[in-house]
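The following pair of complexes shares a single chain, chain A, combined with chain B in the former and chain C in the latter.
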Partner chain A sequence: MSGTYTLPIGPLHVALEEPMYFDIKVKGETVESLGLSAGHVHRGMESLAMQRNYLQNVVLTERVCSLCSNSHPSTYCMAVENLAGIMVPERAQYLRVIADEVKRIASHLFNVGIMAHLVGFDSLFMHAMEVREIMQDVKEGVYGNRMNLGACTIGGVRYDIDAEMNAFIRGKLEELKPHLEEIYGIYTTDPLILKRTTGVGVLPEADARRYGVVGPVARASGIAYDVRKKTPYCTYKELNFDVQWDTKGDVHSRALVRLREAVDSVSLIEQCLEQMPEGPIELERFVEIPEGEAVARSEAPRGELFYYLRSDGSDTPHRLKWRVPTYMNWEALQTMMTGCQVADIPLIVNSIDPCISCTER
Partner chain B sequence: MNEIAKQALESALTKALGPDSVFWNKDLNGNSFGWVRLADNDGLARAAAALAGVSARLMVITAYRVDKYANYPGREIAYHFDLDGTVVTVTASLPTDEDTIPSITRWFQNADWHEREFMELYDIKVTGHPNPVRLFLDANVEQGALDRLVPLSTMMNGACTKTLWEKVYAGTEMPDWAKGAQ
Partner chain C sequence: MTSFFEATFAMLIFPGGLFALAAGLMLKGVDRKAVARLQRRVGPPLYQPALDVLKLTVKETLIPHTANELAFKLAPVLGLSGVLLTAAVMPIGGVWNGVTGMKDLLVLLYLLPLPAMALMIAGSASSSPYGALGFSREMVVMFAYEMPLIASFLAVAVRVGGTGGSMFALDSIINYQMAHGPMIFDPIMLPAFIAMLLFIPGTMGAGLFDIPEAEPEVIEGPLLEYSGPLLAMFQLMSAVKLVVVVELVVALFMPNGLGGNVLVNLVWHLFKCLALMLVAVTVFRASTGRLRLEQGFTFFVKYTSPLALASLGLAYMLR
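Presenting the complex of A and B:
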């Protein structure tokens, strides 16, 4: 008897919020290899996108993913704007950045909160989620929704911020700052967090490059790649921020990268509120989308988001393809999990901030 | 914009495919995008090897029908690469449904999922793929799911009658799937 057996997890499992099947070979308590089986929430959204007109697709793409929901329509709009040569008004570009960064803070707090839950630190989990509610209040107050913001449209945005709203957001950010500082301190010093996450699920830089991983997963493995810096879009060129990265490549460093990015996002929103000029927020009239092809990218909370648009000159896309960050990060689990303990499996899976619905579309 | 990355890509692709093989344009933020259309599919291996040689990263692969509604055959596959912020799209053509495309997993391991996905969505045959099994769609779903119209009633296995389709297709030839309705 070899002592190796298969541990099937999923596709429907109490530890998984979305369905994915993990075929895990274990020897004792140690993972030897991992197989993935996806496809349980395939929605055929790319097919739907080719049957809807350009404006309808703004609504459709916002429903690809809940945590990255604003990144999808904004990147889709950028692809359309690149193809049609549409210049988005400057104020609208600032407003897009604000929406993206609000979502980034909420998304990162959600992920690190879940991590606390998975290590058994439930009071920290509840605290992180309570702190996240500050950003949920911002979303609800500014956009009217807690997840899908409905902020973007082709050539601009669908919301504006007046002086009263500006003060409301600033107040919420001030409320958030000490909490972020406190949570970061706990994640860097707490013995339980350190014991369970340091040196766990390591992805060396060479493997990160081989798998082509993106976002905080790549940045925690020494790849200092952030689309906001590499190929600036909207007004990121005008804003002051650093690319947050690390070299340890473990579960702990991925969480810290996310927390530092959340702190940066607060600063980015404040800079936008400060610098944003007056002016229009959308096009005066809709322009025709010409025949051709275009690419657009953005840095979603989970990493690089890619849209490819091909137009035949009609009012529906010839082809609309998008690749979400998680798509690139799944296979790296094979390296991260090999040699880990069974108890660490959920922690490692959570550390790539997985989104199954948006992977499968 | 990263001029060094752009020049590295241009040089690698010129060496692999010949001069003037890349067309460049920019977005309104000044970011460069390169576009390559392969003269033949043998060029894909040369382009992939050259791009791997300069440490480019495969971001995604997009397959599509040349005619969106499949009125005539032919597919194209666009391979999107990045090098330090500069994007290059290499497009290969498959004029007939029998044409195949070689796998680029030899140079880009992460092409695995992308190639499996376009196999099942567009029924494109990939040669040399290390693991050509279904990615998302169940084995009982026919290959090429994005190639054809699947009526909602069929997809949901809902009850429908032939009478309905006889009215819909009155005066024209009824498609095979409608003839099978009960």
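Presenting the complex of A and C:
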């Protein structure tokens, strides 16, 4: 096994489960270089968005991706609101933060769970998914769905939390806290997890800046960049939380950053439930969307999500474009993977939490 | 002539053949169910491995056009017949003394690598890069666990010291333990027993050592291109191999029966096999993940081999 040969990973691969193709040059068990090939799926969503009116697009953008299915419509709504100068009622802003953070906890637990599966530690994977199920219960109890919450609408939200629901969420969060602590403990101390993930897929800070990575990938490489802190939207200004970051930049530190963010999200939801004022949750009547263009950005579970909207004054967008976090992150795989072992490939791919369905829409 | 019938019976019915197949599928079923319960899942019914094999036998066999067809087809035959033969010569304490003329530890030493060889042939014959990776991984892992295996064999043989026949005679090993108590209670042999406990998951590819057939990494490596009856044969091979390796450890370290009744002894033997599998495979794989190839190799060199060698050295000095 001395010669270099090509190891095709994808577009259909059991460890990837999404259509992405990696053309990996391998020597023995060591990766020499990596070619990325995207574009295996095209759903024409940006074109569809130009044929639907503003309200229908809330439903459409929710279906861009399943794991960040609240970040997309909420950022889209923010772009529309920026364009039309709509002031969202304060209670609705709190409710948007709650929906976002619930999705963030579920998404991060999913990712670190898959990491355990990829190192063959299936019991831990099952446990993480079982803990995530608490969050799924919250989603189902509050929003009626396990994945697509349908929480956002232009100028507000489509759900409200009464006293009973408030107590239900608090109860579930209390149930979640000790589990999160336990999982964090396992991920920081388990010898096998440490052996397989520390020092693997390192992305130094300089490379991270060069590629312009976002989200937990950037934060694990020493770039404390979080849209929620840099340009606070909704009510993040009034909420108390830290940007979780690390300097090691390996697979392990990315997982830990995600777990710490999940813990933060629990506290964010509690603060929202505490501080949320009474009041309306949506606009009384719909406002006309004027001609012009606007952008909005938010911190999705995978990183910075960016929406661009241009309107010609009609009821459908003239152009709607979004840039998803995975698009910024996957080029950095080239640096992370060079010189790694074949066994580490799925781990490293998973550590950027790729969302191909966001990226190839 | 009697030895011919004896050998045929051993190969086809007991302890190889039907018995080994049934025991293997049962152990696999218990393993899957127990792991599921440990992970708080429901798990499949106990007969699921048998259903899997039955279903595969009626499925189409697809052979990649780049594969070496002959080697591709012969590999599972070699593997399955290899483990069935190994099961046939395996003695069961108080039940079966092994086939005349084949009661030898060295025969086992030659037969045991057959399933790994079959997987290597399968991996390289399938002409898939994952198969090639599986081939090289299988080979490295095999080199890693052969050393403690040989050392443990020698430790047991030296400890028995060839009373009443050849040093490697299986029946003298069994008789020695019948007379002096099982090896597992012998403090000198305890390190070798622990080494063998690590050998079982190593050769079965469980837990830390699920390296050659790692599903997320090399997509089951050598088995990737297999389908239909050929894959069914590999599954049967794996099931019988499980029986063979636990029976081997039982024979070397705790072959003692529960008195004279053959049926009681057989049940007792199956119970010991089940307990060993639950410890060395089920709980082991439910509580650990997979090491990288070089980490797995180092593990055997650093921990498992010294344990077996310690027993060998002590047994040699106290001979």
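Just so it is clear, the second predicted complex is superposed on the first by the 359 of 361 C-alpha atoms of A that agree within 3 Å, B and C clash if a C-alpha of one lies under 4 Å from a C-alpha of the other, contacts with A are read in each partner's own complex, and residues count from 1 in each chain.
Convention: a contact is a pair of C-beta atoms (placed from the backbone, for glycine too) under 8 Å apart; a residue touches a chain by one contact, two chains touch by 3 or more.
Quick caveat: nothing in here was measured; it's all calculated off a predicted structure.
Participant: Putting chain B and chain C onto chain A via the overlay, clash or fit?
Facilitator: Taken together on chain A, chain C would fit alongside chain B, as the superposition shows.
Participant: Which holds for A:Y327: it touches chain B only (first), chain C only (second), both, or neither?
Facilitator: Touch partner of A:Y327: chain B, not chain C.
Participant: Considering only the touch criterion stated at the top, classify A:E62 as touching first (chain B), second (chain C), both, or neither.
Facilitator: After superposition on chain A, A:E62 lies in contact with neither partner.
Participant: Could you tell me if A:V295 is touching chain B, chain C, both of them or neither one (first, second, both, neither)?
Facilitator: first
Participant: From the overlay on chain A, compute the angle at chain A's CA centre subtended by chain B and chain C, rounding to the nearest 10 degrees.
Facilitator: 120
Participant: State whether A:P346 touches chain B only (first), chain C only (second), both chains, or neither.
Facilitator: It touches chain C, and chain B stays clear.
Participant: Using the touch definition from the top, say if A:D250 reaches chain B (first), chain C (second), both or neither.
Facilitator: neither
Participant: So, A:N82: does it touch chain B (first), chain C (second), both, or neither?
Facilitator: first
Participant: Let me test your reading of the model: by the given contact rule, A:G39 touches which partner, first (chain B), second (chain C), both or neither?
Facilitator: Touch partner of A:G39: chain B, not chain C.
Participant: Quick check: superposed on A, how many Å separate the nearest Cα atoms of chain B and chain C?
Facilitator: Superposed model gives a least chain B-chain C C-alpha distance of 26 Å.
Participant: For the complex, which residues does chain B have touching chain A?
Facilitator: 1-2, 27-29, 31, 33, 35, 55, 57-60, 62, 64-65, 68, 78, 80, 84-87, 89, 108-110, 112-113, 121, 134-138, 145-146
Participant: Which residues of chain A touch chain B in the complex?
Facilitator: 38-39, 42, 44, 46-47, 50, 81-82, 85, 87, 209-212, 227, 230-233, 237, 293-297, 304, 306, 308, 310, 312, 318-319, 321, 323, 327-328, 330-331, 360
Participant: Inside the complex, what are the residues of chain A that reach chain C?
Facilitator: Of all residues in chain A, those touching chain C are 1, 5-8, 13-15, 26, 28-29, 116-124, 126-127, 130, 192-193, 195-196, 341-346.
Participant: For a test of understanding, state which residues of chain C touch chain A in their complex under the given definition.
Facilitator: Residues of chain C touching chain A: 38-41, 129-130, 132-133, 136-137, 207-208, 210-211, 214-219, 286-295.
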